[in-house]
Amino acid sequence: MVKILVIHGPNLNLLGKRETDIYGKFTIDDINREITDALKGKQVETEIFQSNHEGDIVDKINHTTAAGIVINPAAYTHTSVAIHDALKARQIPTVEVHLSNIYAREEFRHKSLIAPVATGQISGFGKASYILGIKALLEILNVR
Amino acid sequence: MVKILVIHGPNLNLLGKRETDIYGKFTIDDINREITDALKGKQVETEIFQSNHEGDIVDKINHTTAAGIVINPAAYTHTSVAIHDALKARQIPTVEVHLSNIYAREEFRHKSLIAPVATGQISGFGKASYILGIKALLEILNVR
Amino acid sequence: MVKILVIHGPNLNLLGKRETDIYGKFTIDDINREITDALKGKQVETEIFQSNHEGDIVDKINHTTAAGIVINPAAYTHTSVAIHDALKARQIPTVEVHLSNIYAREEFRHKSLIAPVATGQISGFGKASYILGIKALLEILNVR
Amino acid sequence: MVKILVIHGPNLNLLGKRETDIYGKFTIDDINREITDALKGKQVETEIFQSNHEGDIVDKINHTTAAGIVINPAAYTHTSVAIHDALKARQIPTVEVHLSNIYAREEFRHKSLIAPVATGQISGFGKASYILGIKALLEILNVR
Amino acid sequence: MVKILVIHGPNLNLLGKRETDIYGKFTIDDINREITDALKGKQVETEIFQSNHEGDIVDKINHTTAAGIVINPAAYTHTSVAIHDALKARQIPTVEVHLSNIYAREEFRHKSLIAPVATGQISGFGKASYILGIKALLEILNVR
Amino acid sequence: MVKILVIHGPNLNLLGKRETDIYGKFTIDDINREITDALKGKQVETEIFQSNHEGDIVDKINHTTAAGIVINPAAYTHTSVAIHDALKARQIPTVEVHLSNIYAREEFRHKSLIAPVATGQISGFGKASYILGIKALLEILNVR
Amino acid sequence: MVKILVIHGPNLNLLGKRETDIYGKFTIDDINREITDALKGKQVETEIFQSNHEGDIVDKINHTTAAGIVINPAAYTHTSVAIHDALKARQIPTVEVHLSNIYAREEFRHKSLIAPVATGQISGFGKASYILGIKALLEILNVR
Amino acid sequence: MVKILVIHGPNLNLLGKRETDIYGKFTIDDINREITDALKGKQVETEIFQSNHEGDIVDKINHTTAAGIVINPAAYTHTSVAIHDALKARQIPTVEVHLSNIYAREEFRHKSLIAPVATGQISGFGKASYILGIKALLEILNVR
Amino acid sequence: MVKILVIHGPNLNLLGKRETDIYGKFTIDDINREITDALKGKQVETEIFQSNHEGDIVDKINHTTAAGIVINPAAYTHTSVAIHDALKARQIPTVEVHLSNIYAREEFRHKSLIAPVATGQISGFGKASYILGIKALLEILNVR
Amino acid sequence: MVKILVIHGPNLNLLGKRETDIYGKFTIDDINREITDALKGKQVETEIFQSNHEGDIVDKINHTTAAGIVINPAAYTHTSVAIHDALKARQIPTVEVHLSNIYAREEFRHKSLIAPVATGQISGFGKASYILGIKALLEILNVR
Amino acid sequence: MVKILVIHGPNLNLLGKRETDIYGKFTIDDINREITDALKGKQVETEIFQSNHEGDIVDKINHTTAAGIVINPAAYTHTSVAIHDALKARQIPTVEVHLSNIYAREEFRHKSLIAPVATGQISGFGKASYILGIKALLEILNVR
Amino acid sequence: MVKILVIHGPNLNLLGKRETDIYGKFTIDDINREITDALKGKQVETEIFQSNHEGDIVDKINHTTAAGIVINPAAYTHTSVAIHDALKARQIPTVEVHLSNIYAREEFRHKSLIAPVATGQISGFGKASYILGIKALLEILNVR
């Protein structure tokens, strides 16, 4: 049995409720449900966590017992050295995901502080980014 | 009846207690009292909120039912993409205020990450910045 | 009796005649009328001045007898060290105003050469920026 | 009958009198005469204007009744947000011309503040730049 | 029947033959075989193309009849405006993939000229990046 | 008899077939036909060349016997030191043309590596940029 | 009796548990014990505080009654204007310490936002940085 | 008989009336008187000119018959390509003077656009800068 | 028997035919002859290759069986990540040579993308750079 | 018996004689005396060296037989690659000290070329910086 | 009796012997003689010092008993924080002089590290720069 | 008889004694011996000079009677405008050499202040860089 931690960063709780023209009408619960569906029948346990607090995300990474992480750091992608350090310290395989293509947006979103400590990054596929991220993580963890 | 949210960012709780030579002897309570006075007789309800936590401010913006926001993001003006994203997601008319003239201070205070998602900005008038901010917001909300 | 000088910078004479979709249909005369209305009943004399010439604005600031200035430097906001120096030399309380939120526009409009020598800045509230500016100035000059 | 405004920026009055080794021996009058010749027999009226004053050029653009503009902004190419704003406000088709190839000169001449609001730019062909500019403008205005 | 174009950029022909300690021992043929396997039983036709020539890749994109593209632009990621323009002109859904995490490598590999015109980007998962890219593309093209 | 070389850079073969809303519905053949028309009755021979390959364009410039060049370097405008060097080595009078106003587009299109070695530059007039370029070249070559 | 506040920033709770090859096998408790030992016999009371939350650290500084602070801001060294402002407001003598030599690490760790408001900085001596920091603080506070 | 032109740039008319603590109590008339005194008995005619208008200064340089210029460009030092071009076109020996040491002031005053086209520069000696400038000019013009 | 590959980059085919005042009158054939002469009597086989195509140079490096490379990347020195990657992948000892001193030329020629993956660099000695490069390579390969 | 080398960089010979308001009234001899006092009773021999010459400091480091170095590089902190290289070559444990907090001073003092090759850095504690530096060095050398 | 120290920086010993086309045929001795001439009859003692060693110049400034300094720091103008610090520590009125106009030369000569600590700067008048510097210094020292 | 000056910059005296894993076990004496060997039988006299002092190297260049120079400026490569000026003044043919490939090392070693005034540069071939440098110099001086 392998444990995976899924972290949703700040403001993702608003998904499907605000800016639906940009992000679509799916909510964070819809994403979580799709993740669960995608993992059906596999020996994988999932913990899902959302927070608007940088410190909470650092705490969670510090103490998790997960074997792999899928994280959408949202706004903290561009400003958090603390999450960078937390991931670096724990050395848990981590996939960074983004709903939108951050490289096609404002200049200040082009730089990710998380990417250098992630195994890899997936961006721009809407909620499919999460599912692809889960699949990438399973690949890394050798879970079939 | 229109609801307005006033957000005081980090360290503003120290107003009137520290650096009184710079910021004057008024406290955050004095500001709040002046806001209340200025709104007397108008159909306006006010919620006032102070926090030193970026995540708390994001939470507050995510869940508020206010029709307009006056925010002094203080230090987070220059570092918080998360508050930027929260304001952008909610699309509530927002006035950014600063006690001091941030453009006459250190280089790193010249760039506001909040300004591009605010309706407008008022800086440099001490506690009058807040009262002018309230008035600007009433104008935007068409409250007379 | 207190005298206030209102300076409209370059191209503001076109207000209400061009780009009405952006700036609205009000003209510079409408703004001036609102300023006059706002000052009714107060011991305040107003001089209003518009010029497309940097040198004229410098001349005006050099020789004014006003106790306070409200200035919309428009394009010269970003290029005029001469107006900066004029304001610095005279040390008259000055409020910088902008119709649009300059921080949500092109990169080259994010830097104000005037801000460091102004008391404060108000930007983004359309013609209300001027009225808020007048109010801010009255506050500074202790005119009730 | 279509009206065209030709604007010669600062120091162009010295053409043919100074630095003749660089710019050739033709004067501003020679250029104007060639423009007139090129327009002979066409339904086009021309107004020609030279000034060393940024403000005068802004005034002229603000009040012109021309259907198209050919402008050599000379030194103001690189420093004038005010002319940029004037052209942007009037939305008159505008061709920016330069006698010399500004991209083969000093670094500070490589950036044009006028180009983003012009229809197009022609640089490097000596006085032929003006004639090509007139032809480009006629094309835009559908004058044959 | 949907056609997918897979483009391998410069030097990828060396995979599995050089620097096997970094990139692993799999060859470009192994990747292609895995792609074919992953698409078995689906209504998808695949064209696979490798070139060290920027112009060849531009040609290929210009003339392809594919409904979707998976591209690993390799070195051209960071230098080719021509491939950027080709993808922008054709408007075919495109997934940019990278074997290694480009954001954990040299500074000059952090900037992708292709990303702003791709639908999304997947980097850092070795040859699995391709398979995830194919899956992302099928999702975009609604191929199940 | 004077020979002129017209070079169309990468992706221009797609003109009139893609992004017709931006670039219009004319094709590269239409441009070539207009060029031929414009030169009717003059002692001018024209060679027209299109390639998506930087090396092909360098080859062409290296070996041409033309007395003048009109080049639209398209994407290579911003990345090719090789074309810069080829033009510099041959010292053939060269006019750089662009369909769109490159100074009103993305930041990375504002810098031309070709401009410093061209006689002059014409940008922003659609297919008329080519005709103006031909005229400019005739002027330089003293062909009437 | 003098009170000293020791602040451990984000991720320092992982010390001795993760990356022991880099940071050594000592834990935060070991550091705290050494601090206590070093202060034995002196009239000094110590409060020790660790948090992964920027806001908690700001809160702590706002309300502390300590006469001096030793702070290892860890990741927040490079991103927190809020802690900068808190220290500036309270004007309590503060020693900034770092386990590793931040100037021998990644570029983004070379800039400290805390240093300009600290009395001094000690970096690179492992857990001895703390003991040296305590000694520096005693010197400043004239505690022998 | 040699003619010298002395140009005082913007805001210098305020000398001795404003900021006397910085610039001293001497007025522009005092400077002019000292210049006249210094030239007594020499075959030198002096024209003195002050303006707040960039265009007026350009006009003056364009049309002057002086054999040498002493100019304090004040604020236009840092922003005027037009005065740069005027001086470059006329090729009259020119000495740039500044009352204060511009290199010990704000960053934006460290760059002079005038210096590259002046013969030399004298800054930081108060009104003596002018007298030294006159002496330097006489030296250049070989007037004893 | 050791094999050496000599690569001449773009435009070097023009040597001795163009810009002879700068580069001298020797042709690429003269260089090749001197190389052959210099290697006479040594157990060295030479392959010489010139191309204006980045992709051709990448192809050549990918497939060469040479034990060492002397390359003059010319214009591609400053723009080609693809050649950088090809050299890095093959790990063949490589000497980068330049006819002219690239550090005494335009700013954009000061940065070599090839240097970090070459063993060493020789620039500024005209055609002698090649002969010195061959000698350096023999030294590295221990060929006497 | 362990030998320690203490290096005082340029201008430190003026300590206590100049700028006593900034640096205090203690002289370099006072510092040296305190160092001697601090080492009383320990098996440590001290060599103290002051020079205004970069080359002398390099010479000293090259030839020293000390087991550890405490260096205040003063002005050479920011400009000397030679001292950097000397320390790097000798690999002797080195503590960099500064009397003042260099990060609270002018921009050009924020960058230390010495820090990347020092074990650690101590800045801002006046002459106590030296004593703390000695203690840090003893810790590193395991001298009790 | 007032003492003045004249410092000639590195390579000035070569004056009149090398590059005479640029700097003229006068030697350092000629300059010294002119200085002596200019001071004839005044109560001024002069010490003249030339060195190619940064440390020697720092030593000289540290120990001089002069009441004023005229310094041509030559190459050290742009690289020496040590001379900057020496001048700052001694607080002796100092005039910085340059033979050539450093602002009309290479980019790296535009920045003076000495200027911020000098009273003023004179550049571009050949050996007359020294004489003007002496006069400026006499003015500052009130020597007539 | 031709005289050649070989200059070894700072810290090169440590060669073969320190960091032998990086630079190899050869000493400066070994290099000098190889230089002597390489020149055997030629009409060349050699002067060899090593110094850690920038000023000494400037002195040496100022006064040398050599017809050519081979210099390894080591650390002063990146910081010495004085050596740049000395070489520029003397106009003696100069070859700059480096043991290591400076372009494959730290960013601050990529910029050479010496290169623009050297004839050419050779870097990265260990002690062979010197021998190649000698050969390049003989070529320039036409010594066979």
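Each chain gets a letter, A, B, C, D, E, F, G, H, I, J, K and L, in the order it is written, and its residues are counted from 1.
The rule is short, and it goes like this: a contact is a pair of C-beta atoms (placed from the backbone, for glycine too) under 8 Å apart; a residue touches a chain by one contact, two chains touch by 3 or more.
Worth saying up front: this structure is predicted, and the values here are computed from it rather than measured.
Of all residue numbers that take part in the contact between chain J and chain K, under half occur on both sides, making this a different-residue interface. The interface in I-L, D-F or J-L that matches J-K, meaning over half of the contact pairs are the same by residue number, belongs to J-L. Averaging C-alpha coordinates per chain places the centre of chain C 47 Å away from that of chain G. Taking each chain's centre as the average of its CA atoms, chain B and chain I sit 63 Å apart. For chain B, the set of residues touching two or more other chains reads 53-56, 79. In this structure, the chains touch in the following pairs: A-B, A-E, A-G, B-C, B-G, C-D, C-H, D-F, D-H, E-F, E-I, F-I, G-J, H-K, I-L, J-K, J-L, K-L. In the complex of the two chains, the chain F residues touching chain I come out as 53-56, 58-59, 62, 79-82, 84-86, 88-91, 113.
Every residue of chain I that touches chain L in the complex is listed here, in rising order: 101, 103-104, 110-112, 115-125, 128-129, 132, 135-136, 139-140.
By the touch criterion given at the top, residues 10-11, 13-14, 18-19, 51-56, 74-76, 78-79, 108-109 of chain B touch chain G in their complex.
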